[in-house]
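Each structure below appears as structure tokens.
The following pair of complexes shares a single chain, chain A, combined with chain B in the former and chain C in the latter.
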Partner chain A sequence: MNSLVDSDPQPKVPGMTELLNTLYVQTQGASLFLEGDSIRIVIPEHTGRNIVPLRRIQEIVAFGNVNVSNPLLTRCAADARSVTWMSAGGRFLNRLDGPTRGNVLLRHAQHLHHANARATLETARGFVAGKLQNSRQILLKGARDAQRGQDEIRAKAENIAEAIIAIPEAGDLDVLRGIEGEASRRYFEGFRFLLRRDLDVGAFPSRIRRPPTDPINALLSFFYGLTRSIAQGAAEQVGLDPYIGFLHGLRPAKPALALDLMEELRAPIADRLALTLLNRRQLTAEHFETLPGGAVQLTEPGRTIALTAWREAMTKERPHRLHGRRIPTALLPAVQARILARHIRGELPDYMPWMI
Partner chain B sequence: MELLLTYDVSTIDPPGRNRLRRVAKLCEGYGMRVQKSVFEIVCSDADLLVLLDKVQRIIDHDQDSIRIYRVPKGSLRDVKTLGTAAPLPHDDALIL
Partner chain C sequence: MTEEIQVPLSALEHYDYCPRQAGLILLESSYADDASTVRGNLLHQRVHEPGEETRPGVRVLRALPVWHDELGLNGVCDAVELHDDGNVVPIEYKAGSYVKGGPADVQLAAQAICLEARFATRIAQGYIYSGADRRRHAVPVDDILRRRVVAISEEVRAVLTGTVLPGPVADARCRRCSMNELCMPKLLANQKRYANELARRFRPAAESSGDD
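Our next item is the complex of A and B:
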């Protein structure tokens, strides 16, 4: 029988195996129990044994109302297998970590990486490149369906393409941020034409935040908040310090790394979903309210529609080039945070943004 | 490595049924049950050695039979299924 145990004929590929062994539980009301060397998952109104070997699980992530038994928690802590709780919407709540996790080393590496101006600039380039490339793709794809301004949209996409070429030449962070800001402005000028003309929510003047003063900006801000929370949750989950960012500067209470991680997700996830909801008239003027002072926000029914669409969008699988397979949108930030962690540890020469 | 483990544990007497349960429990810690006495297992060399040792301590060598097939990498993902069988996500993130 020992003939089974010989050296593996295939070389050990240093692949992204971490994600493969994560157990995500998002069914509300599910309970997890320890049974021998496996996890028994009990889901209400779901009969049948649901058993997963603990050996194959490196990490458990529970969204919302999920119960984890004490024996299982103790076992996970003993095996240095982390358990993370997120709100049903993906906000980071808390995390149980084993005693031997290398998080402090990763965080230390992150701080050292940040202290190295050159390394910081290189990593920041990755975030900007991902953001601009994805923004450009959203414009180009949107131009095909746009009722008007197709030439303008393509012109803005061309502006962004030029900005992408300028990224490697940016000599410092301020120049890089300038390129990003300018390209972002061009993007929103094009974004305006992606909205149907006959919408009752008013025009999109330009990107206005803190506070948004029109429905379209209010919707964008709402989705950016959700995107930020999944990006921050992903950073926490992987063990990175969400407040030490590379593109975004350090400021008290500013999760700079979460903001870095969400850049490449903004256009394809948040903006695209906002466009869809508005253009299909699932959200109309009645779903927004103006507060005293001029800030506009979603009404409660409007929020329900937006959140339902968000949750649905989070389950949609999207292709990931580095992994060569499709990944649910909700997991993209975690995948990217892991790629970033590998880059920070020196295992990957560059940060590879997720690109649509 | 990817393995296919099948067992045939004699259940004519209570000790046999006890062994059957223990073998099943053990296997659940290593892989996914695909049929009543068939497990698909993805594990390392070290895990396999431990598994073999544990199985040997449980079974009755005169009555029980365990077969472990080592299958080429990717076989468990490519498995063809009919009826109620479904491929298991051995290497994907498990989302429930």
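Our next item is the complex of A and C:
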């Protein structure tokens, strides 16, 4: 049981967890069943056997009307394999993750940390710094590639640079959130110029959510839902309470810590991917539909394209300066949640966000 | 009344290997598997079918719960041989190769001490079965090893009583440790580097030339 001995012929890369697959199910009316040590997927009007071995699957993400049998749910909970439900539009609905992990000292420390206004403010600064640093880099990269508006984009990046410098001076959370909100507005003003002009999906008005009313916001919301799901999973995996956040205030049913952790990931992961898919015209107007009342969402073929691209993006390795190596995107939130956990347990002086 | 904090026998081995590894398991309920721990689990699944079998002159008890009130130890012995001549012999199964004088010896000696209390006997020797070479290795339960058990038991109890994790060792042990990722020994040991990184947070970074 000890790691002292290892006769493994292929020594594993130290500290590298195997990146297992996420099973995304988005065919409406699909049902998943437990069959031995496998998942059997039944799709109406499709004959033939669809079997996926459980041991290759780390989590299941179901979109819209997908049934998961009770025996499969129970097995997933027992194996610490999460099951996440999203609306067909990609809004996070809920997540099943088995028993709460037993790290009571960490969770207690997290509550004490939250109760300390100064500690909360210091940690929240880290999340804002990560978000603004990475957003700014996306703008700067976009400015290099953009067909138009390079000066405007660089001006917005400069606004964000000023906001980054102002973070340590924010005297309380409200001021800090004000800096973040203002920088975020600037970022999306610049983001507009990163989209090719001749796209048929319409213009990007500004960030609109709950619900998005244009294709670009619909795509951003879809990827933010997925980003949130990996951030929340990371918090739970590490043993942190995903609802006790620092930048985001406590509200019932709001996973404030998951939202904190996803801030630094939004621009480089979700926004970059949305830009790529739109600018390469892999997603066009035909991949979006407007629901009665005006909400816009991806069509099923559109979701397939977005999910395929997302899965590929999750396996892409990205440099992590603190660890001095490249880390698959899907594991980044867990790496950051661990750094946060070590900070909360008093082993690291402050939270250091992942900066691209 | 507070209950006496019991020290699990397996924790003695973990602590002797690396105090922080024991701390992560005991205080943070952390555990990470890798190829070698999975191999260990599979081996123990076979060994840990409670029961007994009989060979001429020997009864073998499997997955036998044992404890020691005075030292506050408890755990489970993989296998215990009860010989007709009165000898009681613990056998601990390890998936990997045997390291003489290593942490497994401490665990085995602790088992022997518990068994001595249970069976009112004296145990001079036990064995570590190594899955790597499929051989038994004799471990003499001498006074030096017994003192090591007592000392480590006290250290483990001190960790269990407190809330602070022992610091990272950040040495060659970490390379093979399945808990490396949870522990982050290098990152924690080099706090100067971490402080330098922290200072970067609030300075607008140079334009990244990477592919994002």
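A few notes on this one:
Just so we're on the same page, the second predicted complex is superposed on the first by the 254 of 356 C-alpha atoms of A that agree within 3 Å, B and C clash if a C-alpha of one lies under 4 Å from a C-alpha of the other, contacts with A are read in each partner's own complex, and residues count from 1 in each chain.
The definition used in the following text is that a contact is a pair of C-beta atoms (placed from the backbone, for glycine too) under 8 Å apart; a residue touches a chain by one contact, two chains touch by 3 or more.
In this text the structure is predicted, and so the values were computed from the model without any measurement.
Of the two partner chains placed by superposition, only chain C is touched by A:G239; chain B is not.
Of the two partner chains, neither chain B nor chain C is touched by A:G225. Looking at the shared chain after the overlay, A:P168 reaches chain C, while chain B stays out of its contact range. In the superposition on chain A, A:M355 contacts chain C only, with no contact to chain B. In the superposition on chain A, contact of A:G294 is made with neither chain B nor chain C. Look at A:R345: by the touch rule set out above, it reaches chain C but stays clear of chain B. Comparing chain C and chain B on the residues of chain A they touch gives the larger count to C.
Shared-chain residue A:L322: touches chain C; no touch with chain B. Looking at the shared chain after the overlay, A:S38 reaches chain B, while chain C stays out of its contact range.
Residues 1-2, 4-6, 8 of chain A lie in contact with chain B in one complex and with chain C in the other.
Across the complex, chain A meets chain C through its residues 1-8, 11-12, 14-17, 101-106, 125-126, 129-130, 133, 136-138, 140-141, 160-161, 164-165, 167-168, 239, 268, 272, 319, 321-324, 335, 338-339, 342, 345-350, 352-353, 355-356.
Those residues of chain A whose C-beta lies close enough to touch chain B in the complex are 1-2, 4-6, 8, 10, 19-20, 22-27, 30, 35-38, 41, 43, 49-57, 327-328, 331. Against chain A, in their complex, chain B makes its touches with residues 1, 3, 25-26, 28-33, 42-43, 45, 47-49, 52, 68, 70, 73, 90-96. Across the complex, chain A is touched by residues 10, 13-14, 17, 21, 27-30, 32, 34-37, 40-41, 44, 94-99, 102-104, 132, 163-165, 173-182, 184, 186-188, 191, 193-195, 197-198, 200-205, 207-208, 210, 212 of chain C.
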